[in-house]
Amino acid sequence: MIHNKTFVCITACLLIFLCGTYAFSQEPTFSPPTNVTAKDTPNDDGSSITVTWDAVPEDSGITGYKILRNTNSGEFEEIGKQLEPTATQFKDSNIEKGKTHAYYVQAITDSETVVNSQQTEGVLATGQWFHTGKSQLFIAMIILCAAILGSIYLSRNNQDVFVRRIPGLEAVDEAIGRATEMGRSILYVLGLGGVSGPATIASMTILGQVARRTADYETTLRVPCNDPIVLNVVREMVKASYLDEGRPDAYSEEDIFFLTDSQFAYAAGVDGMMLREKPAAIFLQGTFYAESLILAETGNSIGAIQIAGTDSEHQLPFLITACDYTLIGEELYAASAYLSKEPMQLGSLRGQDWGKVLIFLTIVFGVLLELFGVNWITTFLQRVG
Amino acid sequence: MKRQIPLILCFLFGVVMLLTQFSPHSYSQGVYEEVLNWARIITPFALIFSTITLLQTHITRIRRRTEHWQYSFIVFVGIAVMVIIGIPYGPQHPWFEWLFNNVQLPMDATMFSLLAFFIASAAYRAFRARNVEASLLLITAVIVMLGNVPVGDLIWNRLISLTPWSETFADGSSWMKQWILDNPNLSARRGIILGVSLGVISQSIRIILGIERSYLGGGD
Amino acid sequence: MLTKLVNMDRRIVFILVALAVIIPMMFPISLPISISKPTEDLYNFIDGLEEGSAIMLVFDYGPSSLAELNPMAKAILKQCFEKDIKVVGLTLYAVGTTMGSDLMKGVAEEKGAVYGEDYVFLGFRPGIELVILGMGTDISSIYEKDYYETPIVELPMMSNIKNYDQIELIVDLASGNLTESWIRFANVQFNQQIAAGVTGVIISQMYPYLQTGQLIGLISGIAGAAEYENLIEDPAKGVLWINIESFVHLLIVLLVIIGNIAFFVQRKQEE
């Protein structure tokens, strides 16, 4: 009997021990990340691989993921920091180019228990020649360029391209004439943009036209520059304009000079010139920032006729307030065509208008579709952006 | 020939740089970065040249004894001091920092602060209710000016407290300012930006195709 | 008299503006400040970051704009240091270097932050686009050494920060259009979250980016700085300046009203 009891006790203890051992030796209850794939990241230069996986359910108790990548020796090492439990994607931007990489994803719990996914296939990252994500932008660019090129082609022999009157550009001759009559100089300020800035280029083309007229009228043209490269280009341009007008003797290199590349020191220098030299006409054309009103108000205080033009729309209110004429945004870019009256240049302005019509129609069409709950055009345009 | 080579180069670089924007490949990006590096290399040389022209201008002024020629000496002293301290010791040196904090900083801040005075004088002159458009501009300006500062809401809340809707329309001044900035302001800006963008595209095409060549000096 | 009032000498306006600044400075008053959504959004974003995360603070401004932008920088730094958020400081604007370094040092001393562990200042590198793009791949490829000539590999904080993947947010404090470069290259190319603090003159330039979500928050001028100081419950220069600015705005509005009254009376008399 005693033996039986002892046997029962021993058996019970053994059973409890075995059950306990079995319970503690069980795998964690949550499953590993599934559907783990590694793919060459699209639309890049072949410098990254994107790993994706299906998220483990939120209530499974995991606290995050770690990504492991194979090394040269075949071992796997952890890369990047631990990811959030909701993450389903990781972009590895630190790969070795030209080498095949394999990955696995590790899910981690509160108790630091880890469970590994299956290892992915080896992936070799390669660069793409065309960014498919920009195809909409590419198409939009082609359409707008085609509209402009078509208009240029159609206008190449047409002298009667209509351009609406732009008062600011009509006043150019008036301003130069006034300076000539008063025997005072003309001050041309190109703004703070560099030579690659579209507004600076537009401003330089206007300067070329102004220089032709000052060469004719023998009026002093002063150009303080803010950018060293702009200075060199402007000197060549103005010199060529004077040569074209047959007045190389009237060109003075000293009148086109570098002042400083510091924003407010430049404003101080130009203001000083305005107050000392009292130019009769001031052109403020190009890219401007906070110094615009400092320049324009000083010009206003000396009674000079001021013609401004900028694509810095945030400075337009200041220039409109303090100057006699202001070229608003695209008018600055139209100036060269307007002043030169060349048919092909004028044709490009017509092309711009076609571009505007296209954009306008797209907006109207998009709004109408949105009103009816159709949003594909909005999605398309968002992808262009 | 003197004009044609720059025009050909302009066309080639224009088209290539445009295409690199649509190609993420390392070769294409390499070309893009290379061109940017070239541009960057040109800048220091142009800066040296510009500094020389600056010095020449002031030497001429001193030689000719033009009006206020004495001030030209300050240019030479300024350049000399910054070069003597800046080049051997670098911007971390206490002397350089002292000059920056006590010379450049207050001078720059002074020029910027002029803006406050000029905004006031320009606003006084410009905001006149001459016609309907000018009146609209005037009203908008007053709302935005007051809505931008705490006193706007203070005045608004005091006024609205005299009515039964003080709760509903609290902080109306800053709300109206925000509405103006978010709606009419943004619409107008977008219109201008669209026009500017088309203008830039049109100008770029004219330059790349050599139709617009006045930046090279002259028409032909 | 009326003509004189309509065409008031600008020097009188200048004197009045000067008085509107000096008098409230001598006798400061406190006005209630309401918080705008873009400022609150930025505050909430940083507030929601985990301890030990990193942000990048970019000092893209010069001495001329420090009155508006320094209070913002200080407020953000204080919030970060108090929350144990690492800050990587740098500038793409050469003259921002000395200011950025001094400012970070000053706030760090006040909050007990340690250089190299809680914050670093990388200084200036030329070439806006290449710097922004280069840091997206590897910060050390652009900044081998920090502003104080220490190799960044020797800075403990930078051992965990290789590129934008480890930067939760870039806050660009700018007086020009550099914020647009950060949006164009860091946000569009690397999907990096961007916020900005800008001077009052260019606030309206930033609104389109707020609406498209390319900016997650925006501090607008001195008013925004004051709002941020109130959010971190540490009113400082921003709050002082905005109260002073209130009087200048009020003065301009009064001047505009007076100018219009004089203008109408003159026009009536002429009729």
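Details
For clarity, chains are labelled A, B and C in written order, and residue numbers in each chain start from 1.
One rule holds for everything that comes next: contacts are C-beta pairs under 8 Å (C-beta built on N, C-alpha and C of every residue); 3 or more make two chains touch, one makes a residue touch a chain.
Fair warning: this is a prediction, and the values are worked out from it, not measured in the lab.
Of all chains, the one whose CA centroid is most distant from that of chain A is C. Between A-B and A-C, more C-beta contact pairs join the chains of A-B. Annotation: 16 Å between the Cα-based centres of chain A and chain B.
Centre-to-centre separation of chain A and chain C, using mean CA positions: 21 Å.
Among the residues of chain C, those in touch with two or more other chains are 10, 62, 64-65, 95, 201, 204-205. Along chain A, residues 47, 262-264, 290, 313 each make contact with two or more other chains. Shared contact sites, meaning residues of chain B that touch two or more other chains, fall at 108, 111-112, 115, 119, 121, 123, 125, 189, 193.
Interface residues of chain C facing chain B in the complex, by the touch rule stated above, are 8, 10, 13-14, 16-18, 21, 31-34, 36, 62-67, 95, 97-99, 101-102, 126-127, 129-130, 147-148, 200-201, 203-205, 207-208, 211, 221, 223, 226, 242-243, 245-253, 255-256, 259-260, 263-264.
Those residues of chain A whose C-beta lies close enough to touch chain B in the complex are 43-47, 127-131, 134, 137-138, 141, 144-145, 148-149, 152, 196, 198, 201-202, 204-205, 208-209, 225, 228-229, 231-233, 236-241, 243-244, 254, 257-265, 267-268, 276, 290-291, 293-294, 296-297, 300, 311, 313, 316, 318, 321-322, 328-330, 332-334, 336-337, 340, 342, 344-345, 348-349, 351-352, 355-356, 359. On the chain B side of its complex with chain C, the touching residues are 33, 36, 40, 91-92, 96-97, 100-101, 104-106, 108-109, 111-113, 115-117, 119-121, 123-125, 127-129, 138, 141-142, 145-146, 148-154, 171, 174, 178, 181-182, 185-186, 189-190, 193. Considering their complex, residues 47, 80-81, 91, 93-94, 262-264, 289-290, 301, 313-315, 385 of chain A touch chain C. For chain B in complex with chain A, the residues that touch the partner chain are 21-29, 39, 42-43, 46-47, 49-51, 53-54, 56-57, 60, 67-68, 107-108, 111-112, 114-115, 118-119, 121-123, 125-126, 189, 192-196, 198-207, 209, 211-212, 214-219.
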